[in-house]
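Structure provided below as structure tokens; questions to follow.
We call the chains A, B, C, D, E and F, going by the order they appear; numbering starts again at 1 in every chain.
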Amino acid sequence: MSTLIVMRSTPYGNTNAKDALDIALILATFEQSPSLLYQGAGLQQLLLDSQHTTPFKHIGNILNAFPIYDIEQIYIDKASINEQNINLDRLNDLPVEYKLLDTNQVTELMHNHQHIMVF
Amino acid sequence: MSTLIVMRSTPYGNTNAKDALDIALILATFEQSPSLLYQGAGLQQLLLDSQHTTPFKHIGNILNAFPIYDIEQIYIDKASINEQNINLDRLNDLPVEYKLLDTNQVTELMHNHQHIMVF
Amino acid sequence: MPAMNLLNYCIIVRCGPDQQSQALSALEFTKALLAQGHNVERVFFYQQGVLTASRLRTPAQGELNITKLWQKLQVENKLELDVCIAAALHNGIVDKTESERYELGAHNLASGFQLAGLGQLAGATIACDRVVTFGASQ
Amino acid sequence: MPAMNLLNYCIIVRCGPDQQSQALSALEFTKALLAQGHNVERVFFYQQGVLTASRLRTPAQGELNITKLWQKLQVENKLELDVCIAAALHNGIVDKTESERYELGAHNLASGFQLAGLGQLAGATIACDRVVTFGASQ
Amino acid sequence: MLHIIQTHLSQADLARLIDLAQEDDAIVLMDDGVYNQTQLTKPHCPIYVMQSHTEMRGLVDKQFTKPLDMEGLVQLTTNHTNSVSW
Amino acid sequence: MLHIIQTHLSQADLARLIDLAQEDDAIVLMDDGVYNQTQLTKPHCPIYVMQSHTEMRGLVDKQFTKPLDMEGLVQLTTNHTNSVSW
């Protein structure tokens, strides 16, 4: 019943990805263990090569911090994988564990949280 | 060969419509007679009831100023009318004269201008 | 006022003054909440929303001054208007303390607003029955 | 540098620092223009682009400081960085003169940038061979 | 759950959000979100439209929508246990 | 004419812009615009993709695209008599 953060933005187009992660980390610090749902273009945040440097804050490296902060409820919207033309293999190397959700499960997830923030 | 301003934004969602009109008016003041092309959601700028008050700068009233500023090259992208589900009749009451352009004509219009700004 | 379920709200404003329609809706929703007797724990300005809190804004004549409207509502209702400090620093909104800390030589946070950490938002998600966001996409 | 057609450019920056990728591209394109010997008549900051010109911005550690990068380029190349005055007033970016005119008590325009009317942009469309826009949509 | 839409979405994004709404949810179209109703058909949950926002934009509400004002929006947020602003 | 795309567009908007490009035009995908190439097929004009922007995003360029850097973009704006940033 805590907070669900829905990640719908590409990593570097605007500050949404970073700003959402900042909220996730502070909620974790307050022991509110937020859930994260990656949806639509937000899945692009998961495809970054953590070795590749960027002039911007590196989203890929922040993902590595999830286990440290006990952020463990990570979900991926299954329908978005096709929509974003993503090769499922590329999601195997993620440094975090996640669950794939179909549309009914996404709806259920949303109903089971007290607050929802979309970024 | 002057400047073509492409209007693609709804009137009140952001400041694009107003900011584009400001550029059109200043270009006219500099006797650069800009051309205006309404496309996509930009057509919504043409459907405002000029009698209806809004808390924002009234785009519909600014349209009335076009003849005063000698802004006479007004174009509407024909394909956008269907795309936006607009009843063609509603474009009859416009306070300005305009030409409907098909895709080839839009392409030609764009090639015939030295500078293009999309808002 | 009929007997009704009065709740504790947090409002998140993520759109700047340029998203004029959404920005005004956040204000009007907050007004309506207060009019119906609900409690507004805090309004949290995040992302572009922090631009609302600049006292150096001078909107053109005939344009809405959303900053002034929030200030008025704050005074009338002793509202807490929290401006995310990280987003504020990133966007050039600073109070006297931050201005001195970073030796900026000027400050521009409008009165009635205050800088606050994201912890205030986290606290609100615990304390509030409802968190309603305005300006989630642009 | 091979013999080539050197042109006169105007760059329009419409995205703020938050549109980090587009904002950086505007700067890097301008740099590449100068490196190839083209003339940059002016860089015109419009809409959210004016937020680039705030000297009160303090990006977090590890974040790009796009304001400083433009200032550096300006000094090195005597670039003209024009900030649309109407958009600047709307967004709370003022120089000393405007601050005094509106009695704001503080100013925040970063050095190297100057406030300018839309007439400067209109002039650029006449004088320049090319006008290239960055941050047209967000 | 209350779904609040404040922007003009692409057809694909709108369809996806409608998919996620259940029968006892409600959808609110306000600000530029009111433009989305032109793309809508047969909703499986109530769709409320901010009346002043459609009028200001010279639009006419679709018949299956319900008119809303700010007081009504407050009540919707009270009646639904949570809300999502897309 | 040079078409510069800096954002991730909806399929409909992208299709419309491609329609407007002529054979002697060129399209540049940069910043989040590089995501659009996943939706693209058989272009009728050259499509350039800012190399560093695709790599930074963990993408692989489609075979029919041409790699670009900032120097190359300058040359494209020089060679084409005008440009449009969508």
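The rule is short, and it goes like this: a contact is a pair of C-beta atoms (placed from the backbone, for glycine too) under 8 Å apart; a residue touches a chain by one contact, two chains touch by 3 or more.
Here the structure is a predicted model, which means the values were calculated and not measured.
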item	value
Partner chains that chain B and chain F have in common	D, E
Chain separated most widely from chain E, comparing mean CA positions	D
Chain centre separation (chain A, chain D; CA means) in Å	34
Rounded Å distance between chain A and chain F, as computed from the means of their C-alpha atoms	28
Gap in Å, rounded to a whole number, between the CA centres of chain E and chain C	24
Touching two or more other chains - residues of chain B	12-13, 15, 114-115, 118
For chain D, residues that touch 2 or more chains besides their own	18, 21-22, 47, 60, 63, 86, 90, 131, 133, 136-138
Multi-chain contact residues (two or more partners), chain E	7, 12-13, 31-32, 82-83, 85-86
Chains touching one another, given as label pairs in label order	A-C, A-D, A-E, A-F, B-C, B-D, B-E, B-F, C-D, C-E, D-F, E-F
Chain C partner contacts - residues on chain A that touch it in the complex	2-3, 15-16, 19, 22-23, 26-27, 29-30, 32, 114-115, 117-119
Touching residues on chain D, where the partner in the complex is chain A	18-22, 24, 60, 62-64, 138
Complex interface listing, chain C residues touching chain D	17-18, 47-48, 51, 54-60, 63, 86, 89-94, 98-99, 102, 104, 106-108, 138
Complex contacts: residues of chain A adjacent to chain D	12-15, 55-57
Complex interface listing, chain C residues touching chain E	4-5, 7, 9, 21-22, 25, 28-29, 31-33, 35-36, 38, 130-138
